[in-house]
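One chain, chain A, links the two complexes that follow: it is found with chain B in the first and with chain C in the second.
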Partner chain A sequence: MNVAMDADSLATLKFGIGQPVPRKEDPTLLQGQGRYTDDISLSGQLYAVIVRSQVAHGRILSIDTETAAAMPGVLGVYTGADLVAAGFGLMPKGLAFKNRDGSDMAKPDQLPLTTDFVRYVGDPVAFVVAETQMQARDAAEAVMVDIDPLPAVTEPALAVEPGAPQLYPNVPNNLILDYHYGDAEGVAKAMSAAAHVTKLRIRNNRIVVAQMEPRSAIGEYDPATDRWTLRLGCQGVFGMRQMLSSVLGAKTGNIHVLTGHVGGSFGMKASLYPEYLCALHAGRALGKPVKWTDERSDSFLSDSHGRDHDFTAELALDEDGKFLALRLNGFGNVGAVMSNSTPQPSTLNAVKNSIGVYRTPLLEVNTKIVFTNTTPVGPYRGAGRPEANYYMERLIDTAAAEMGIDRIELRRRNHIAADAFPYRTPSGNDYDSGDFPALLDHALALADWDNFSTRRTESRKRGKLRGLGVGQYLEVTAPPGAEMGGIRFEPDGAVTIITGTLDYGQGHATPFAQVLSNQLGVPFDKIRLIQGDSDQLIAGGGTGGSKSIITSGGAIIEASGLVIDKGKKIAAHVLEAAEIDIEFSGGRFNIAGTDRGIGIMELAAKLREGMQLPPDMPTTLDVAHIYKGAPSSFPNGCHVAEVEIDPDTGETEVVRYSMVNDFGVVINPLLVEGQAHGGIVQGIGQALRERVVYDEDGQLMTGSFMDYCLPRAVDAPSFAFDAHSVPARTNLLGAKGCGEAGCAGALPSVMNAVVDALSEFGIRHIDMPATPEAVWAAIAAART
Partner chain B sequence: MSLSYASPTTVNEAVALLTGATGLTKILSGGTDLLVQLRSGRVKPDIIMDTKKIPGILGIIETEAGFVIGAATPGAVIGEHAGLAAAYPGIVEAANLIGSTQVQGRASLAGNLCNASPAADSVPAMITAGAIAIVVGPNGQRAVPVEQIVIGPGRTSLARGEFILEFKLPKPAARSSGAYLRFIPRTEMDIAVVGAAVNVTLDAAGVITHARVSLGAVAPTQLLVVDGANAIIGSKLDDAALAKLDAAARAVCNPIDDKRGTIDFRIKVAGVLARRAAAIAVQRALGQAAGTKH
Partner chain C sequence: MDLPQIESVASPRSRDSLPPWRDDAAWLAGGTWLFSEPQPALRSLVDLSAMAWPDLEPSASGLRIAATCTIAALEAFRSPADWPAAGLFGQCANALLGSFKIWNMATVGGNVCLSLPAAPMLALTVALDGVAWLWQPDGGERFLPMADFTVGPQRNSLRPGELLRAIDLPASGLRRRAALRQASLTTLGRSAALLIATLDESGGFALTITASTIRPMHLAWDSPPSSDELDARIQALLAETWFDDVHGTPAWRRHMTRRLAAKLHQELLA
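Up next is the complex of A and B:
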């Protein structure tokens, strides 16, 4: 084969970096052939149903399992005491933070199933295993849990008050962490000397994740090999295995974690949940696989919730509107139990993300992280990043109104300039790249900002208020973490990528294959992805913090380099040339200066067939590499939302939405735009509709989609989407994470537009969600 | 406990079954309320009697005198009847607001009415159209105005052994039309926080000569708002008449305060929707095309 462009390299063009390649898994998923955990049924499988607390707080007096155990088909009824007796340890303690006085944050011991107190409605206390799902359900209803109710507290500001109900004996005032960051004295000085200080109390509403696929798990144990197997939807099997190891007291080698398709997670499925341990315990105790699948009503109670901050935000400005200092004081409500990201969102991520794209020399964040009798709060799309951007952008619009400066002009006066990189922020991040002023201009042009007044007049004729808002965000994606870059040339001619990020709807297989195809010239349709089998991984940071393309993409690039190194040695032997004369390009190993060479797929085939090789020569092209990861990237963008409000009913409709994003080098624009759309719709949901509500006894008032208002497709306008890319300088692809950005742009742009529409009534702020009732009430209050 | 199912093929058979049955008997039309309640354990009937095999109970007949709508006729069929849509657009748009495409394939007017939810969407529209329910039972047939069927949440005036066979609507007078609007926290598939229906008849000069106004979800039953109708009769729906209608609508409201809407909000929106529904009804009566969406 002496053609310059063989079929392999042609494939790299069509599937190259920057091409809008559709997702590899779409045909499978669209035909209903996906394999989600609940689709798997193992032979002899049993079914578990969880018994949950129906009160928010109380002491467990007794759990009577006798009646349930005697019911038809029931094979076991277990409580927390059984797990303790079986040697199950404490739940992982998650992240370590320091209090402002330097002491360690509180970390109460938490068992997989509580044995003494229940602390939220939905707290699991027992589980039933039976031959069928219905039998298990019926028996679960017959488990008698006698609880002596205690007063509950759901609001963090109340939970830290003296005399408030206490959730854990060794966590006084329910205060897990008294977090402080920044130069308090400097900020205080700047605030008192400033020409103007804008101050807002902002509630960041608690929301449910509402992923499509409920959590599900199948637990098994093989006594012959002393191995546990857990099948579940999660965000990374390598990390999940690590967490299991600590609770099970088993070596990681004795634990096998498998994940197939995952129908959405948004951060929520990253944590280790008690139900998985229940399935494993019963799997061992009964010698059969045990499946547990949540029901939607239980998902509302037991999947970690998102957001739920309560901050007072202050921005100090000089007489020209230059930002001097930003201060956030408030609470992060983390619910009743630690999740794996407690307490990061309202502490460290508030620090890192709040200044966004603006020069702000001084920053202080004080957060009280507090337990309450509510469902645990976990990471949710952005995990503090969109919240922080939202605080800043709301402050800017408010300051602009208070000081009589145009809100766009105020942003321009404070942008970090395009030539200021690298730029060290007061949170210690080094922004490497970006062009924030140009991005703003680009977005305003796309949104036809200048002709807004014409559209407003037209709305007014129909009796509607119209508002326009911008949200210019910058997110700090996850810090570096080790990730596997495995490449394997399979017997059937396929090439497998093995990496430990995990796709729960993003479509990883496609961009990863594009990267590999681009590096090695391997045909796109021959590339497979293994991500959900812990036995195949030697490292894996999982998915989270918008980092997958940066870490797995980087791992694939480095691993590809190693494949080429090996291939050169073998090709030199095959082509009877010196290794130093072999060049690799377009998927071929060539002897430099000649037209002689061999394609990488052909070389792999020869190796497969068995070739005589000298003893010191590699025998395969396969590579199992650990990439040490790349620094955080700084995706940013400017979103412009336009809303119409019916003043008589308070109904708000997002009528136009434009965005310009800087995601650096984009591997697959189709998937990136999809990520933006999804994030924005979630943002619109949080801004206009969604809110978790508890009553004073800690009962969840919004426990179904009847009472919890999730946005629908009709609630979203068509999106105008444009890119303004400045390649990242700190990772191999030049990429910036895009997964969480939609929320970060949507929350401020939509709410700034709502406030803009209401500004004629003198309204300066309204909290999310701006439901019809809330908007109507704000107007009614402003009119009287 | 056993649950039996019967599907009589005549009215007499059905009445005999209902009268003779012991235990709780539930009538089944589309089942979009009943089956949900059954599955959640909220109703535990001994017998389910499916009406859909009774002749005439499915389908719409248009006569010189008006329309006869079979009690179990699903929303999808109602939505496709051009004659009914022209004569009573309010009923058709209200019936078609119920649920989703799937629900529309089953959901009926009788079920919507007899489920007796204060928020049932088609009921205010039927009331303003002057719909008459033909009730059959052990004592034969009786004709009952729709507004007299529901007497409280989940309760109807039907006696033991009775069920609704059909609804009768007169042919509307010239220059008559109607409209129904509801307010929900989201854009579809939700329970009304407020519903408002208005029917009007105009004279040649465009003055309202006859009107009916009804509100849903603001009291234990749907309300016929006579003062609201009087507020606009004799007017061309000028601002003063609209303001009076708004006030009359608000005055009769007796809503609950719940997580779906506060009392103040429901009352205020009831006035707003009454005004807007009246405006659409008048526009339609004037023969002007108006969208069915609010």
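Up next is the complex of A and C:
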């Protein structure tokens, strides 16, 4: 046996698909050697600080920049009028939806910096550029913005009332979109004929994203080439370049977007923000790079928030507990400005994801998307998916209690059967795979569901209530889209993957390398990843919606096929054989039926050395391919949470947490489990701790980590994690996205556990966050 | 943040050199709050740091805490062994939830004079029968029990131009046994209720309630009350006494106060 081949085979196994390979970037990041945007300092770099509105709503009377402009080190003070004069256009208007009457949704014009009205606390109105950060900060405080305050409105239900403060003159009643989906007549009939209808008003609390790395950007302009360069943390440089193009009025070829390490985003950094345009404007006006980095206090105001839906959810059931129809009526609060995903989370994603794993013939969703004088709301880990699953799972537990049916039995009666695929849901999705009943059983076994009563008794001896909750979710992930699969054999012997998804903490370099290594037999350690340079991309959908392994993985697989096709031609020449006789396996091109062959890395080396080739022969193995994409995937799972509640204080602790997930083919279980852990902790945070609170004037009352509670390590137990995988049939890897699933399972399982613990008081529902005060108040109210 | 509208800053070194009081002036000690948000009404600051008052002056009669004493200095104080209540210093410093940077700048006087319901230095000084030493703008002075210092959220009994020079904690207070309980909606979050109970050698029992009430409530008994008596006094507090903000509703704060008080009672009298 060839010893070298054996070592390669072992390496392939070690770094192959399904192996828990640690992230390539861990040593760099853990040694503090990561290179985030703010770590970059360019020659001659200047510093920008944003001036923001301190009132939630008002007319701008004047912006006095004179004093600030005269302060030491200050090189420029700019307002929205300056950006308009410089030719900057309107901000992107995001997604296009239709109202229920078929008309287009409202899309008011929005400038990068407002010039007439401020509409939320934190609304940027000016920016100062100086030689140092401190000079810019000092001068920003000297910019005098005279605002005539106007009444503010923060709640969407109030914002649509006649007489409410109006944010935009051409958006009557602040109503952006009156969204409708489904068979309203059929649902109404089902509701009226149902043996039972469960109805809940469910609030999905607004939360702060709170990523570790604040937003930061460096803007530059080269007049010689008429080229803009923006360095920033984002979720995809290709898409960011497209958005910049529309505002700058520049061709995409004249815009260069660069992203290094990104310290978290969760959807928030996908949008184009005004600050980036300010840095670019100043970069051109002053002829030097201009850096802006947010401070945490401003992040609370200026980073898009998450969630903030208010729905009345109804589930109709027949006498046997079979689901007949689901209806959601409610509001989506999008804040004062559109983000790039407005209004998807509480409309389309509510439609797609609320049915979950259950056979439910009819669905109706009605959502009023409303402007309010609050920070803009954007995508946040799931962007409507966890919310929708939460509605359904809360309805099921409530219906079970109301109908006297065991909550697990009720789920079993309504599961989509394992042999029902492909299964078309009333939301129009075609589920391709899954085994929801067996997965539930697997999760219950992992959670030791049957012995819960023993644990509850033990808790009661300590004066604690104990509750058990299940959250069985299904998410519609990986929105279809094209993606680049680039493979380049480098002069130094490395192989570079070039793709347009973007890692903001997920660890893409490792599973992508595992896929490429699996496809081409390229040594794992030789594989690099380029993802954050728009000049290198010919396509790129960015990262979001748990899509990266499916889109980039698929792109790598297809590109690998093209590499093999090219390699066979070249290998045939090298081996003096017919191309048709060349086989590729284990990283080698071999003549079929012989032991003669050449390894792909050896072949690449020969090409680099300038091997003579016939005229029609490819001269490199490099490939730049556009993968057309795959349909959505449908990851699903069942999470089981167990909580203890101190009835005297309302303090709730998650004491056990188990999950079984179907992520299809898992490329790297270590990273997948990490994704689940992070999502669960964020879910626990939303369920028990986090909430954004505004006062009636639109001032943010929870604007620091002293006032806004992020979950901490002590708030989560160790997790029991297992898989019940059914490969997806819709993509080349068989994978299903995992990035948002933790939230999708945590919200319902934790809250169902809380309600279960409180059920002895007759409590059927409590809204998130179940803070000690909220739980105590619910108990107190039930006792009186 | 900077306060760009400030036109003058005085740095007196003695009482004699204090500038005449102006309504648009503020005393500046650590500045951790003063510089944390815009102060549009202010035009003048009087920086007290140059006064160089000794932070802490222990004596047989008790402990004098200068208004300019930092939280860090108070926390670091090594008290005589017969002042067990001085153990509260560290607990109240921690209740401030500040970083070491804040501890090194924020002052006892600043925390007291800001008069927020959750101000832990208020809780401390009220609980230990502190007396405020106030300098009056006409050169006079007066002494005010700390229990009467605060009258509501960010409102106190300081008259225009009065300066908190120091707070005297009597030795009798420091010799008491003491215990502190704190409740918050969140782990390490802002206090929603902060209670201190003390017990002296003769059986005198006192409970100081802060954070859950709009101002410190000091309840005292010459002899230990029963748990029912203690609870009855708390329940007798007027409804408008209980503070309401994002960190807790009045009903929950009231409930937590009763609960914490019961635990303090049990701890000190068990």
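Convention: the second predicted complex is superposed on the first by the 776 of 784 C-alpha atoms of A that agree within 3 Å, B and C clash if a C-alpha of one lies under 4 Å from a C-alpha of the other, contacts with A are read in each partner's own complex, and residues count from 1 in each chain.
Following the convention adopted for this analysis, contacts are C-beta pairs under 8 Å (C-beta built on N, C-alpha and C of every residue); 3 or more make two chains touch, one makes a residue touch a chain.
All values reported here derive from a predicted model rather than from experimental measurement.
On the shared subunit chain A, the superposed partners chain B and chain C overlap sterically. In the superposition on chain A, A:Q54 contacts chain C only, with no contact to chain B.
Once chain A of one complex is fitted onto chain A of the other, the partner contacts of A:T771 extend to both chain B and chain C.
Touch criterion not met for A:E760: it reaches neither chain B nor chain C. When both complexes are overlaid on chain A, the residue A:D39 reaches neither chain B nor chain C.
In the superposed model, A:E579 lies in contact with neither chain B nor chain C.
In the superposed pair of complexes, A:D146 makes contact with neither chain B nor chain C. Touch criterion not met for A:D406: it reaches neither chain B nor chain C. Touching of chain A by both chain B and chain C, each in its own complex, is seen for residues 648-650, 689, 693, 701-702, 706-707, 709, 712, 714-715, 771-773, 776-777, 780. Listing the residues of chain B that touch chain A in their complex gives 183, 185-191, 259-262, 264-265, 268-269, 272.
Across the complex, chain C is touched by residues 54, 67, 137-138, 141-142, 648-650, 689, 693, 701-702, 706-707, 709, 712, 714-715, 771-773, 776-777, 780 of chain A. Contacts from chain A toward chain B in the complex involve residues 648-651, 689, 693, 701-702, 706-707, 709, 711-712, 714-715, 771-773, 776-777, 780. Only residues 1-2, 4, 38, 97, 183, 185-187, 189-190, 192, 245-249, 251-252, 255-256, 259 of chain C touch chain A when the two sit together in their complex.
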